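Each chain gets a letter, A, B, C, D and E, in the order it is written, and its residues are counted from 1.
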């Protein structure tokens, strides 16, 4: 029940924020901020209260459309809870990062942010396939609005591309879902979209392969992985800061979540056959994403491509079919959420100050804004995979898990670590180091508002980096369920 | 069957016909727009309400009234749908007429005639009633399309529709004649050749070729789609709304009946041809709409695609007629809502204009200039694209379910491709509507509140059914089952 | 027997010829006259097929009413010599080719298909008298008749509205 | 009643389709709207002929009844059509249907 | 109760304080935190070392929290110290503290004073973790951490783009090595099922499958990691460029501690290496090749710090060589002594450089011994140790290596010869450096020295580190390598010093080098111009100067192609996107084609309908 309330709270707050625009233009910001802080605290309370005997933190199961056996089935287990926590926390980041960025329609802006988050929480907690798909699509609409209304110069192209990619791949998933349900109905005579039932559906392997592909394509598009990644750089670049933060921090994770939650457990046999493709795609993403990241001259684009590379690790981890790999993928999700959100926030802050994202127009910013420099350095180093920070844990676990499966692919993936260093440091060099660009106007450094969020993110990353066990032990009981029989 | 029951069952038709006469007499006595409008709306409401009586008289099963009609719950569902659509058209039409047209009253007569024609079709089980229903709708529409006095586009559209529809009708008629010649009966149920086998029954087959060509014209399916954009474009938006919804829906209702009772789809040939038509319609319709800049034309092209989608439901009747009916009714409910809303927006915006504001640029920044209309336009576009939170999603879901149930994988492939293209242009509408309005764009003021109110209602319906369609689905399922499918 | 068969083929030939003439004439009045001949020959065929009532209606309503309506309009619009000249300009052979080919192909396909029919059906030529037609019409097809009435009503209202504009404007000018 | 004619059904339908195609041909080649409508009438007649022939094949009155409905249909259509033609002549000052091509794309 | 955990915690605390205060503390406070934390750590190390020697246990352990447990995979934040680690810890904290102390003066006039110590403390912390971690993952944490600090400190003067480039080069090149290391970790985990170092060693000793190909691969991968970090061939190219950092950094990171991490790694994983002859040979060969190449290169450098850098490379080459031939204790011994004298050399050269107004070119110095007596003496001591003059620390360690090589290596004569030649070259370039810097005529103006300025060589914070390091450089060897030989028990080999020809030769080589060097560079007996003009020597000197062309090779083979492809226009726009652009193009093309049918002409419309009729006819009837 509590998760439904959480979603409703966000939805309601969205409406309130929209309406409150008429009273005062900063009021929506405050409402959104307070809501996210409150929800984060709420999640923490749930977290510390611990799971019930079934390992669940919340569970709600009501009929929705009995005609098709569709239920309003929201369930929060450890994995969901972690991602929900990430969502609400990044909600704070998103709101703060765009505190002064929007010049118009503040209310509607916050409305969209709150609604995206509501949708995402739905995605993370839906245990009915139809409901999952419903949320999956719903969260895109406010996201689309965020990009299309408050985006930068190329927003039409970018928002359209984003929407088309995710929608079209979503259609494939819808077909797969319906086909799965129908087949299960024909076999067992029970028409239901329930995750637990469908997981046990007795599919023959050829069907399972096809259905898995439907899910898989949708999820890797969202993840994104090469070759369906091309929406991401555009969308990230054009989105307003909050949009980029949400997009990179959370929306990409829904793809990863989908693979972990649905593709692997539901089509276990087929996925296991598929491992070499999955891992290869991951490796290609790592290398190609890293490589393209280096080619970029646009700060945000670079970070965007680096996201592709990082998400590649998730694929590698999941398709290694090992506890290590899966845990690594989960940690990567969390850590990448923190580090990339921070980098996008940084990009937004720079753009707000310099009105450009082009790194050739930056250079030597450290002198003007040492705090921003230090913070950027921290997060660049994190995303480069420095041990002691969250990303490393994820990548290491992924690689060590993958190594048991395929040495060659793991070696290639490990090369990605070198590539990460190349682009990460080049980002740092081109923006913050070097000779101060004389054309750059005076820019003010981070103040309390931005810094406080950054510090939170840093603490979070360090926490994941040095005490990942706190997360690992939560998800550990789930692994056997997620990875299914043979382990 | 007792005559009393028959009258009860046929009550909606009687009420509507009576209302038509009342309105005509009213107009004849004194030409007053308000009176005509109120009478029309009252008639439509009364007809809708009369279905309650009719439903209770009907009970389960179906009532055959002369060889021409068979009334059952499904027919009533269609009827109610058409009536509500007509009601919306009447509301919008009254605004439109009062502001932009000199002679107003005949419109209501035509609207009622057309509605009557459309009510005939869902119950029709005979070629005679089929052609009569189709033509009543058609003839009324010719005049409705060309209704405004001075503008040239409506006239052009009316003539084009008339000529081409004439060709289509003749094909339809010729096809019926050949089927009749081949099978010996014009009742749907007996329209298969007497020995039951279609092999070598060339009269029957040719007849079906002509028949379905005519139907395809009425439904504007590829390759008979080509008239659609011109007529949609030229006609007053609200008439276009009626044309796009009720006339299409009614034809669909009747061919459904024909396909089920006549077992047409037992013929692999017909099924094959229809599948091809469906695929091509989905893809070509959407492609044609892709870069279209005129909203009405865009919606016209998209309607081609939507009709193509609906053929999936039609093709399903051979194996699972109940699901096919459910699909088509739910889809039509959604399609009616979103199409009426879209054309309603154009109509409402054009109220104070000489020319219809149908270019996509004219809705630029609409959400900010006229929030209600803008929001409804956005919802309707999203719904047409089949994205959740709107009824369009459930409609599309039903199609997928139906397609998978029938194992029509090619069609599903085309549906996916078509929807994919569709998302692009629907989203273009959305994007235009949420764009920051240019500085010289004037605020939209003086728009009729009734129009906006109805728009808001339609928008809310789309959302409400998009979030909680359970009752609607249950209703449809119950009625379909009760009707014995 | 023989005679009626010949009569059928002759009427058919006449119908086809005059139909072609009607379609290709430049002068509208001439074309309408050819059309009347077509209708008359079709009426003969109706009669031969055992449908005297239909034959009568064909003459009375089609030739008698509808074509006359056409003629009215032709005269009202004053399609005189100038329009004939314009028509001859429009009707260049180049325009005929594609439609002719298309129609030809359709005919060939149709003909070929129909001739495939095994044990082809015969029209035995039983006459269905008007009385029988009337019985069925006002019994089984009663509602159809009602609907035809609505159809005509719609046409009436529509034609009235569309045509009235013309009259109104004429008055204004 | 005496039997009037004994003839293969196909022959009558050949005539019907020929008339139908002549009508269609007329619609395709004529630019003058009056001729177009005239061609449509020929097509309608073809349909009527087909119905009457089909009725005769089964020796039923239904074919003739359908012919009567077609008649009503044709009348109704012509009535509205001619009204529109008059309008066309007025607005576009021509009967050339090709001039009415403002709606395209 | 030992305070093991506090040793790394102190520098960490220093780092955190400096990081969080964002440079707002006064410089005096910064210096006391920065240097003080390391100093305290050094004291603590002494205390722990005393505890260690006086206790019976051969290991000290300090557990804290669990890092991660996934299935069988289990690592913790657990510090584990044995004698080997303790030596390393002592060197790190001891030498580290002296360099920090020195740096408080050296950096006093630079911007970012606080940032400097912040990084330095972080470095010390990471380095301590590297040597104290009980599992390979913790070692890897330190390993990467020191790499990061190296990067940060090389690029400390971030306004100069070249420094930034050098920093990135250092990071990326060592990362290549790190990748080998991490793959080695994976392999070890796969073999052993654990990343605990001790478990791994036990496994290697007891249950490594025979023919141990896997083991060889593991060793080679570990070697790869070590090679990157320790700037050995073929990943040595970053070290000379790394001299862009402030001189204390070069002293601490790129001479005394970090670059020897590779040596530590191999020594730590001794049991693995012992099983594989191939791997041992590779280690020796790598060391030898580096030693050889770097010595020649050092001979022709003009930048004083680059000379020292190449010298560092070659000395680490000695250590690798030692490990490779099984002289574990000698190698470690050399690591320690090298840390003393190389730190001293760097610090002294730093003073010189500052005095010369940031001039590093030796040809522009000259005759400085009078003006800078303290650095001169310091440098002299350091040089003596470097060339291994008897009784200096370097003598003991290097001699031990050479003798072991003679006695114990598989290709004794070849190995020994090369090593001796390199030793000779070492003397040669050291003499050249001293001559060019301190003797002869002054070539340029010196920086105006102020007695008051903090970095003045005579100030106590400069003199004390000099003095202490100088003492260590000389006396550090007296305890003999018996000290380090304890570390490995009886596993290593070491040769006793006997008066035999080989030993004498080994003893004499440095002197020969010094004498030849004197004649070559200082006296007028040899016409240097003539040698320079000789085409062959010119070519050779250019070749050597460029570090044997490795930079050029990598540049051509890797860097340039990568950049070329990366920066072409099409690729910035993502080649995969072209596919989707094509789809978009096709869709709009079809749209336009289909739109052409919508002419608005009724007759054409009717035509399409009749055509459609034909098509449907065909579809229904004939298909």
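By our rule, contacts are C-beta pairs under 8 Å (C-beta built on N, C-alpha and C of every residue); 3 or more make two chains touch, one makes a residue touch a chain.
Predicted model only: the values in this text are computed from it and were never measured.
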Graph distance between subunit A and subunit D, where chains that touch are linked: 2
Chain separated most widely from subunit B, comparing mean CA positions: E
Nearest-to-centre chain - CA centroid comparison: A
Greatest separation from subunit A - chain, by CA centre: C
Chain pair showing more contacts of the two, B-E and D-E: B-E
For subunit A paired with subunit E, centre-to-centre distance based on mean C-alpha positions, whole Å: 37
Euclidean distance of C-alpha centroids - subunit A vs subunit C, Å: 70
Rounded Å distance between subunit A and subunit B, as computed from the means of their C-alpha atoms: 42
Interchain centroid distance [CA atoms averaged], subunit C/subunit E, Å: 101
For subunit D, residues that touch 2 or more chains besides their own: 9, 13, 17, 23-24, 27-31, 36-37, 53, 55, 57, 60, 62-63, 65, 69, 73, 76-77, 80, 84-85, 87, 97, 100-105
Multi-partner residues of subunit E (at least 2 other chains): 595, 598, 600, 602, 606-607, 610-611, 613, 617, 621
Residues of subunit B engaged with two or more neighbouring chains: 128, 132, 135, 139, 142-143, 146, 158-160, 163, 167, 181, 202-203, 205-206, 229-230
Topology of the chain contact graph, where touching chains are joined (line, ring, star, complete, other): other
All chain pairs that touch each other: A-B, A-E, B-C, B-D, B-E, C-D, C-E, D-E
Touching residues on subunit E, where the partner in the complex is subunit D: 595, 598-603, 606-607, 610
Touching residues (chain side subunit D, partner subunit B) in the complex: 9, 13, 16-17, 20, 23-24, 27, 33, 36-37, 40, 43-44, 46-47, 50-51, 53-55, 57-58, 60, 62-63, 65-66, 69-70, 73, 76-77, 80-81, 84-85, 87-88, 91-92, 97, 100-105
Contact footprint of subunit A on subunit E as seen in their complex: 19, 22-23, 65-71, 73, 77, 137, 140-141, 143-145, 148, 151-152, 155, 158-161, 164-165, 167-168, 171-172, 175-176, 178-179, 182-183, 185-187, 189-190, 562, 566-567, 571-572, 574, 576-577, 579-580
Partner subunit B, residues of subunit C touching it in the complex: 110, 113-114, 116-118, 121, 139-144, 146-148, 150-151, 153-155, 157-162, 164-165
Partner subunit E, residues of subunit C touching it in the complex: 98-99, 102-103, 105-106, 109-110, 113
